[in-house]
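What follows is a set of structures to go through.
Next come two complexes built around subunit A: one with subunit B, the other with subunit C.
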Partner chain A sequence: MDLKDRIISSYIAQRETQIPVNRYVHQLRCMAIDVFEKRGFPMPNDEEWKYTHLMPLLKRDYTIFAPQKTSVERKDIQPYLLDDLDSFRLVFVDGVYSSWLSETTHQDKDICVLSHALSLKKYGSVIENYYSKLIPNQEGLSALNTAFSQDGAYIYIPEGTLVEKPVQILYLSTGRGADHTLLHPRNLMILGKGAHLQIIERHHALGNHSPLSNSVTEIYANAYSHLEYFKIQNDIPQASLIDHTFVSQDHGSQCSIGTFSFGGELVRNNLHVYQRDQEVHSHLNGLSILQGESLVDHHTLMEHAHPNGQSHEIYKGIFDDKSIGVFNGKITVRKQAQKTNAFQQSNNVLLSHEATINTKPQLEIFADDVRCSHGCTVGQLNQQALFYLRSRGIPEKQARAQLLFAFSREVLEHIPIPQLKNHIHELIGKKLNVHFEFAL
Partner chain B sequence: MSKDDKILKEVTESDYKYGFYIQIDSDKFPKGLDESVVRALSEKKGEPEWMVQWRLEAFRVWKDMKEPQWANVRYKKPDFQDISYYAAPKKKTVLNSSDEVDSDLLDTFKKLGISLEEQKRLSGVAVDIVMDSVSVATTFKETLAEKGIIFCPISEAIREHSELVKKYIGTVVPRTDNFYAALNSAVFSDGSFCYIPKGVHCPMELSTYFRINEGGTGQFERTLVIADEGSYVSYLEGCTAPQRDENQLHAAVVELIALERSEIKYSTVQNWFPGDKDGKGGVYNFVTKRGLCEKHAKISWTQVETGSAVTWKYPSCILKGDDSVGEFYSIALTKNFQQADTGTKMIHIGKNTRSTVISKGISAGNSQNSYRGLVKISSKAQNARNFSQCDSLLMGNSCGAHTFPYIEVKNPSAQIEHEATTSKIGEDQIFYCNQRGIDDEKAIALIVNGFSSKVLNKLPMEFAVEARKLLEISLEGSVG
Partner chain C sequence: MLNITNLHARIEGKDILRGINLEIKSGEIHAIMGPNGSGKSTLSSIISGKEEYELTQGSLLFEGEDISGLSPEERAHLGIFLSFQYPVEIPGVSVTNFIRTAVNASRKARNLEEMSAAQMLKKIREKSALLGIDKNFLSRSLNEGFSGGEKKRNEVFQMSMLEPKLAILDETDSGLDIDALRIVSEGVNTLKSSHNAILIITHYQRLLKYIIPDYVHVLYQGKIVKSGDRELALELEKKGYDWIKKEVKKFQ
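The block that comes next holds the complex of A and B.
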């Protein structure tokens, strides 16, 4: 029996044991499993998955339900949280919320877990208005998540609230009792009018197993709200992640989403940003530094549907060993979206003969009074610059790292949290195998 | 209506100049396609047995293929059984000079602005003219023959230069390549064949003129250009069709073979009937064009696309030899309900290979204009270099411009740059011109010309004038 069939049959089996949810959610799940049954996993002949093949992953014998109640020591998770940063924390272990590792709040805002929101009556109307509304109708993987997701972050920030400290969301998998686990984290975030929120999200595997996370995040940024979202993807080389993030932006809102991919076997980031009203600003940044046999695929869709929108995308990649980088950046400008200013840039450096980069920037424009541009480059280190540094006594390894760091800097400039900036700085140093003596 | 709107309206409604139909007695196959049609076609052409078999195999492959769906165009699928696969002006005997050409035909060419005699005397361009399914006239054959250059209809080449055709046909565009290439391989009726011997610099531009005249026919021409070691040739191609309500199918295959150190420059001005302003009729232009470069060879594609209801065309270069060079310069202008999905593929295989892609798209009216390109650097292609630029200009807000550039790199020494922009003609640009006493319409012409100049400059002299005129006609109303 292949994975798809096993998933569908186990869905039916698990129905009875599920945490009770309201009728709306129950219906959604039933519909979602039908969609998944119809669509299944994306195949290589799917244009959207042309360069990223899931087949080798799907051949594995996944445990569809992670063994419940695994305990994790505080010291185990230390390296994956920014400890010196005062923050709200949401920690999930094998898909289950771990209250004693977390710090949540209900004080004039909700920063808590989705399973509560789905089951408690008082959240009913919010859930019915927002949950699962941004997911494309006929897409197999996000439907799979809707059908199976048990938990994740639920964040509701009311009008005019500034969240005083960042929220860290950490998904851990322990692999206890199973070598291959399938996880379906699910987040829902709603920012009220003029609210401000910062989020740091991370998925990490403890130990030596190979989990596949199929994560979905829905974000609603209402008028004039401001969201800063950072994803750190520095997982162990056997772990895979398929992330779907859907952002709906209302009038005058600002969103900036930074994705830092440094590891994992296969990482796919589907990032869809819909500009639902005028004067919206969106910033998408990405940095990939890959070694080994990692594959990172950034798949962005920027949709301008109303006038005076702005978007700015910068994706940088450094690929060594046998790593593969994929970038597919699509910008759609609808007829009404006059005076749109959309910019997209993808710069890549290949360091090894076996590394590959596939990029496909894509513009689809239906409005005439717009300014849209994209640029894409693939190259290598400038030998003259390297020589210049070496002639001044900087060892080759250090010189290369400095040049690569300079190449990535544009993406790092937009990180407003100093601790996070330092942490990413350190990660880059580790990745490039040097210690930078200068501060950011 | 504001002035801008008026100009746009005029732009989108200007008429097609070449829409006439001349009654010429023609010999036409009944509609439909099966093996017997392929055989009959081959027989008509007096082809050797290997060619018949080659065609039949292509036909068998085609039968099992499906039409490609991936292009960003919408159209009614042609009914392949409702097309006549062969039409030829009657009364055709072997012609030795243009004086012997049928007077009706000569009239046609005069209307098209090609006077055979004049061409002969003044411009020094050798022309091969293909009307419907056959080549009707080839000029300058003798002059070229002195240099050892073969320039003749491909049907003649199959008979008389069989070994050359057999060696190269289908090597760059295999019969199995795609749906329309397979169809073409099975039923191509004529086209041009050109062979430039070793070390010969072709003394004049070679030109083929294609015209669809008959209704209910499809045109399937096949062009094969072989430049032997160290040779040079510049090749031009033009096309028109009468104005009809039906959608006529044109599925051509062009193969270029550039052997060591040779250079082929291939220019196209495509002006098939684009359909009327309501989007009715027009030619479906589904063309496969590809060139193969050996060591130090260079292939340069230049195209000006203004016609056709639906265009689906990707002139490509396979840079197989070390130090080979591929170039692609394109202007695609769409208006009314035209749809164009065009671009190029640059496949870098050899070391130190270079390619340049410049694509300019101008969309007006309700048209959709797409650029679709691939730059592929294989793992052995050391020091490959590519520069791509695709710019789109939008006129009016009912049209669309799209870009789909694919870039696949497997070699760390490659340097790839790609950039694309989309914009409209800036009010400040027009204002600047106005200030200096240039009126709106002239200003738009100036800006569009400037926008396209990088490509126009690459065209051979005779063509550049024609292309500029064509752009002006197509933009008529905005240019005076």
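The block that comes next holds the complex of A and C.
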């Protein structure tokens, strides 16, 4: 039996015996498993998956339902959280919420576990209004998530509320009892009018197994709200992540999403930002620094549907060894989205003859009074600049790192949380194997 | 200090230097002049260790040591400095932080203690005053958006901070107006001592009005075809390079 068949049969066998959910969610799941049955996993002949092949991953013998109730010590998770940052925390171990590793609140906002929201009556209307509304109808992977997802982050920030500290979301997998686990993290975030929220999300495998996380996040940014969302993708070399993030932005809202990809076997980011009203600002940034045989694929879809929207996308990539980068940046400007200002840029450095980057801007413009610009570059490290630094006595390794750091800088400028910025600088230093003496 | 004997070099199969002989002693200022494409910048790159060139013959000694196999940074640590004709822009690194890293990298290589931040600031203040550089300049990104003159001034500022034994000034006068030229030259002259040496690479003689060379060499077709004192520079200014070319032709 192939993976798809095994997934469907175990859904039938086990899914229904699990935690009760409300009728609406139950229906969604039934529909979702139908969609998955019809569509399955994306195949290489799918244009959207031309350079990122899932087949090798799908041949593995996944445990469909991860063994539950694994315990993890606080010290085990410390390296993956910003410990010096005062924050709310939502920690999930092998797909299950860990209340004792988490720090949540229900005071003037809800920052808690999604399964809680899905099963309790008082959340019923929110769930029916928002849950699963943004995901495309006929897409197999997000449907698979809807069918299987259990725990995840549920964040509801009421109108005018400023969340005083960032929220850290950590998905861990332990691999205990299974070499290959399939996980379906699911987040739902709703920012009320004028609300402000900062999120740091991370997926990490402890130990030596190879998990495949098929994650879905839906975000609603209501009028004048402000979201800053950072994803740290620095997993072990055999862990894979397929992330679907859907953002719907209302009038005057601002969303900024930064993705920092430094590791993992295969990472696919499907980021879909939809501007559903006027005067919306969206910032999408990404930095990939890859070695070994890692593959990171950024598929962004920036959808301008109303006038005076702005979007700003910068993706930078540094590829060494046999690593592979993919960037597909689609911008759609609908007919009524006049005065749109959309900018997109993808810059890449190849450090090895065996590294690859596939980069493709894709602009679909139906309005006539807009400003859209895009550019992509692929190059090598500037040898003259390297010589310049070395001729001043700076050792080659450090000089190279410094130039790569300078190359990445534009993306790093957009990190407003100092602890996070330091942490990412540290990760880059480790990745490039240098200690930076420059004040950054 | 610097001893170059019968040096031949090529890049991508093309011979650029065809037998250079040059000896520079402590306390001396040498100028190398020559028409475009004669190999002037190649010579400065080769002394500083640019790796694209292949040395096919001859020797390159610095303080008696063969440096032909050393990396650019190792040569910098020995005290060789190249002021670039086209300094590279490095966004995101301030002039101050860059120079601090460079100074300490060399100190580390020489087994000296790193310079403290306070010492460093004092020295930066002293040297920048000497070159008429203001504070804002020092916190800007290295060469990014600098005018031609600012770039050259920044090169000489780095030189003053690194205190090299041998400083090679590659077309330092290009892009400088008269005032900047004077300030930069005065800076260079202040740094000059009996313990160091300067090699000026230039197309025109105007810089040599301010920094007086002990020797002037004319480089043509990868060879030093004529040497003299500063009078030679004045003669070149008057007559251009054509008479040199003719003379060389006669010999051939």
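Here is the rule we use: the second predicted complex is superposed on the first by the 439 of 440 C-alpha atoms of A that agree within 3 Å, B and C clash if a C-alpha of one lies under 4 Å from a C-alpha of the other, contacts with A are read in each partner's own complex, and residues count from 1 in each chain.
Everything that follows uses one rule, which is that a contact is a pair of C-beta atoms (placed from the backbone, for glycine too) under 8 Å apart; a residue touches a chain by one contact, two chains touch by 3 or more.
The structure presented is a predicted model; accordingly, all values stated were derived computationally and were not measured.
Undergrad: So, A:Arg392: does it touch subunit B (first), subunit C (second), both, or neither?
TA: In the superposed model, A:Arg392 contacts subunit C only, not subunit B.
Undergrad: More subunit A residues touched by subunit B or by subunit C?
TA: B
Undergrad: After lining up the shared chain so the two structures overlap, which partner does A:Asn382 touch, if you call subunit B first and subunit C second: first, second, both or neither?
TA: second
Undergrad: Touch test for A:Asn222: subunit B only (first), subunit C only (second), both, or neither?
TA: After superposing on A, A:Asn222 lies clear of both subunit B and subunit C.
Undergrad: So in the superposed three-chain picture, is A:Phe405 touching just subunit B, just subunit C, both, or none of them (first/second/both/neither)?
TA: Only subunit C; A:Phe405 stays clear of subunit B.
Undergrad: Residues of subunit A that sit at the subunit B interface in one complex and at the subunit C interface in the other, please.
TA: Overlap of subunit B and subunit C footprints on subunit A: empty.
Undergrad: Across the complex, what residues on subunit C touch subunit A?
TA: That would be residues 45, 48-52, 71-73, 75-77, 81-82, 84, 86-88, 90-94, 97-98, 100-106, 109, 158, 162 of subunit C.
Undergrad: Enumerate the contact residues on subunit A facing subunit B in the complex.
TA: Of all residues in subunit A, those touching subunit B are 47, 51, 335, 338, 348, 350-380.
Undergrad: Would you tell me which residues of subunit B are touching subunit A in their complex?
TA: Interface residues on the subunit B side: 70, 377, 379, 392, 394-424.
Undergrad: In their shared complex, at which residues does subunit A touch subunit C?
TA: So the residues of subunit A touching subunit C come out as 382-385, 387-396, 398-399, 402-403, 405-406, 409, 437-439.
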